[in-house]
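Two complexes come next, and they have one chain in common, subunit A, joined by subunit B in the first and subunit C in the second.
This part shows the complex of A and B:
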């Protein structure tokens, strides 16, 4: 039976309710404290490192994000681990939780479509993540101002802002994945485990696996091996495979955005570097253009995962 | 009478002197003689000169001879020296000679003219006298001549002009010749050894000898085309000589490449042709003819010029051409350096242009399209699967 009227009727109500649930939940508080404390630790390490190694750097502020000091990883690497955790933590029981609490039928008895319910849940999760990420971003800039004492330039602010947006999209990918599995599996624990498993697979195992698979697809050329070089075909295949992982995409985007001297992501031939002025920073537009395929890939992945979840949810029996 | 005899004897001794050397003891000459190679000399006032004398004993027993000088004008000092010391007597052995020097200190204000000094050697049986005529005169004037081997040279304002100059000392003594050259303003002139780099201010030239030095004239880079004159002058004591040297500077074009208003950077999209204005200025002194343009860029890049050559650029004028730069398709975003060279008959100039390559935004649009498709799928799903 086709619905009547807008699919988004009641979207606002669901979003606001979900948002308030998220923001007041203990889970969210724990996740936020985890992220903030860990990020602050990384940031403190970075600032100490920057203070120790005073060097002229036109993009000193961006170093806040990328500099690491043993034993802590950099702020960016922390984010790339913790943002998926946060997103999965927020999304893994979005739909099956309603099932298990037997509240789904009750909600849908209201003049709210399933569309609006799912959209609202996703939006609320994304807004929650955005709020915490924006606060984190502001904390970084504020602490940077306080502890380094150098105001960031417009270009740096713009770059870090694009970085913030990309991080939100990255969170969206994992949120959509978590939402999908919360639809597919009735048990919240199963959904959480499967989502975390996929995250672990793509973040830690896939990059290693990609190299092995690439060598099978494009066997290394012995001539290159004799020279101790990677065969270009294998390197390209490995990169293409590795880019199936959102973590890889995110890492590449971060490199392009936060290191303005990055000119290409992926293998380049020496001939392409001939005559190149190395170390010259690229304008923001060019950097975004370099990382654009990755950004597009992430946005599209998020949308597609959501759509799959949406279709499954629409076809599901909810009156269990 | 006796005086004349001794003079005659002395003259005789001079005449036979070569024979004495050839045949050490002439058989028909016997006795002790006081001799001088040159008993009449010309001296300069204010100088110390020596006249060499000799006491020669032929086949007689050695005799102690007291030496004296008489007829010394007032103010002069005449000292007889033997073996480097003043001596008062000499004793030549049989068939041998004793060399003596008559040292004369002539005061500066001594009047010109001829004075006769008499050197006497008096022994137990001999009384020898040798008159020495001393004429005071201004010495033979030092005489120098300066001859350039190639007096006229031609070159550009960038070349250095090297003249070989022959200095001849025609005077009777060794001279230290000071060297100087008068060149137009801002021209650099220096003397060096003929085969060497050491710069010189003066060279010693032996009497009657000649020496070649090199005069190197370097015009300033900005020297206009034209004829210039350089005067080389040498001087020693009161002699001097000059010679005029010609310098014909032919003009030289000098090129300078830059962008319009000095801007040497541009942006270019990978794989797309971009036009950059290039200004070629001739800052030299002669027109630059047939200026050819070339560019060196990373491999795979294409640089052409429109027009490819410039016929003529007058001094202090400039011409603008368009450089058409096409970065390779594979160029990665960022800055590259390409060098643009203008050359005209040996003169060339090049400037590095910084080309900021932007990659095509086509993929960006494609990416937006992909996101659009994803959104369409979503809208389609919403429309298709929407249900109560």
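This part shows the complex of A and C:
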């Protein structure tokens, strides 16, 4: 059955309204300060460390993102757990909030489709996250220029820019998950807790669990164990399992992008490295190529989660 | 479809799995008419309304709103129909005007028209001075009025109001019913649902009494009264004068006279005999203190109807339990 009109009628209106809600909300202000302060702390640590140790790294600027100084983790590791928190914070009450305020049926009685409402909410969340992340990226580059005093090369800017885009996609994955649970659960608190639970599981528990499960699927070979080596089959299984977590995918992409000397993500045989000049940096295109499956995987996860939410939302009854 | 029908439903049905929420109902609402969907909670009133708006799928039957099919052309329907949900909600952190601005943008009104319509609508419902106040501070009655302002702003041809008076104090109810009457004066058709029979009786031209997903009765309150309560008029009279009761009994059409108090009589008649009764009192130089005809009450009709059909109600109960 063909519906009349466009599914995106009213999309712009919904997006702008949600965006202005996000940008003026107290919640957003708290999240922004959290991110900025934490990022500054990590950056400060990184700059101290860089000043102390090296001045001859060809990719000094990228070190800003990845260098850590005890007790603080690096900027990238901070980001990898703050970005999901921000995304979940913006999305967990997107749809059930409308239900609970009893505005949903009133809004849907206007000449728009549900598509526009859901898509507008996702888009507004993503734009909000993008604004925060782009500002953060500019702060890092600005501070780097001021405190290190060496201008970054074009390659470095390009790499950090791709890193920024990937971080936005990573945020999109968690936003889509939060949106999904805001559709499934009527209570915002339940939705927030379940989303946070899944994030904790995939970020902290799954990487450990993946190793254990891999040993069950492919038992380690005693001959490798006698040599103190990991069985290749087990290592591959562990990595395959670990890659079900968006956090693992993001970590792998970050390594490939911000460390130009990365040649492979995962175990490889010595024979595969034949002829390689170890330690020599790869061009940006090659680095992106290494992380390409992970990037596609993350985009696909975000789309899949959004589609599941979309289907459930279309079939949901609007009455409270 | 006829020219002056705005809503026409035929055999409308909604099932959720095994349970039937709305069971083959048919009704029609004319232009400029106030039509009431009355019945207890859970009788299928809200589900019917959601089907009219295309907000929930129709299981069987068909419905036409202003000539459009809500399932196929929901945008055309929703552009012309205003909806006030049961316990309407607004964005509390936004002002009354901003809430309406959001809706107006969704409808697609341009800036100048938008502002003009919003100001006019808020003025009509008496919220003009609260336009820039946050809705969070509004009372329930004010929220309901803001909901009506939204329908006015939209310029809807049909207004669908779900339980508009529930939870309101008598004063707020009276105000709200006044605004609803004003809709009718402008030729806007109104479909309203309520479980409070007394309150809506005064505004509805016609009503449909719902029971367990079916329309038990449909028609104007007076017609239903005649149909169910046995068609009698009951005239109460308070006057003094010896032998008045006997004289009144002789009026053509009067079937009985009872004395219900000192100087108080009740006439049962097949028509409105007030003029003749008054003439009789005057003719014997009596003093007339009170003369009135009892309007049939919806409550009485409803109770009587279901008392007289215990089998059917029991059957319905069994069907729903199954």
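Miscellaneous remarks
Note that the second predicted complex is superposed on the first by the 316 of 320 C-alpha atoms of A that agree within 3 Å, B and C clash if a C-alpha of one lies under 4 Å from a C-alpha of the other, contacts with A are read in each partner's own complex, and residues count from 1 in each chain.
The working rule: a contact is a pair of C-beta atoms (placed from the backbone, for glycine too) under 8 Å apart; a residue touches a chain by one contact, two chains touch by 3 or more.
Worth saying up front: this structure is predicted, and the values here are computed from it rather than measured.
When the shared chain is aligned, subunit C comes close enough to touch A:318, but subunit B does not. In the superposition on chain A, contact of A:105 is made with subunit C only, not with subunit B.
Judged by the touch definition given at the top, the superposed model places A:48 against neither subunit B nor subunit C. In the superposed model, A:13 makes contact with subunit C only, not with subunit B. Number of subunit A residues touched is higher for B, counting subunit B against subunit C. Of the two partner chains, subunit B is the only one touched by A:303; subunit C is not.
Shared interface residues of subunit A (contacting subunit B in one complex, subunit C in the other): 1-3, 113.
Remark: subunit A residues 1-3, 7, 113-115, 263-264, 268-269, 271-277, 280, 282, 285-286, 289-290, 292-293, 295-296, 299-300, 303-304, 306-307, 310-311, 314-315 touch subunit B in the complex. Partner subunit C is touched in their complex by these residues of subunit A: 1-5, 9-10, 13-14, 17, 21, 101-103, 105-113, 317-319. Partner subunit A is touched in their complex by these residues of subunit B: 297-301, 328, 330-338, 354, 358-359, 361, 363-364, 367-368, 370-371, 373-375, 377-378, 381-382, 385-388. Residues 46-47, 50, 53, 55-56, 71-76, 78-79, 81-85, 87-93, 102-103, 105-108, 147, 150 of subunit C touch subunit A in their complex.
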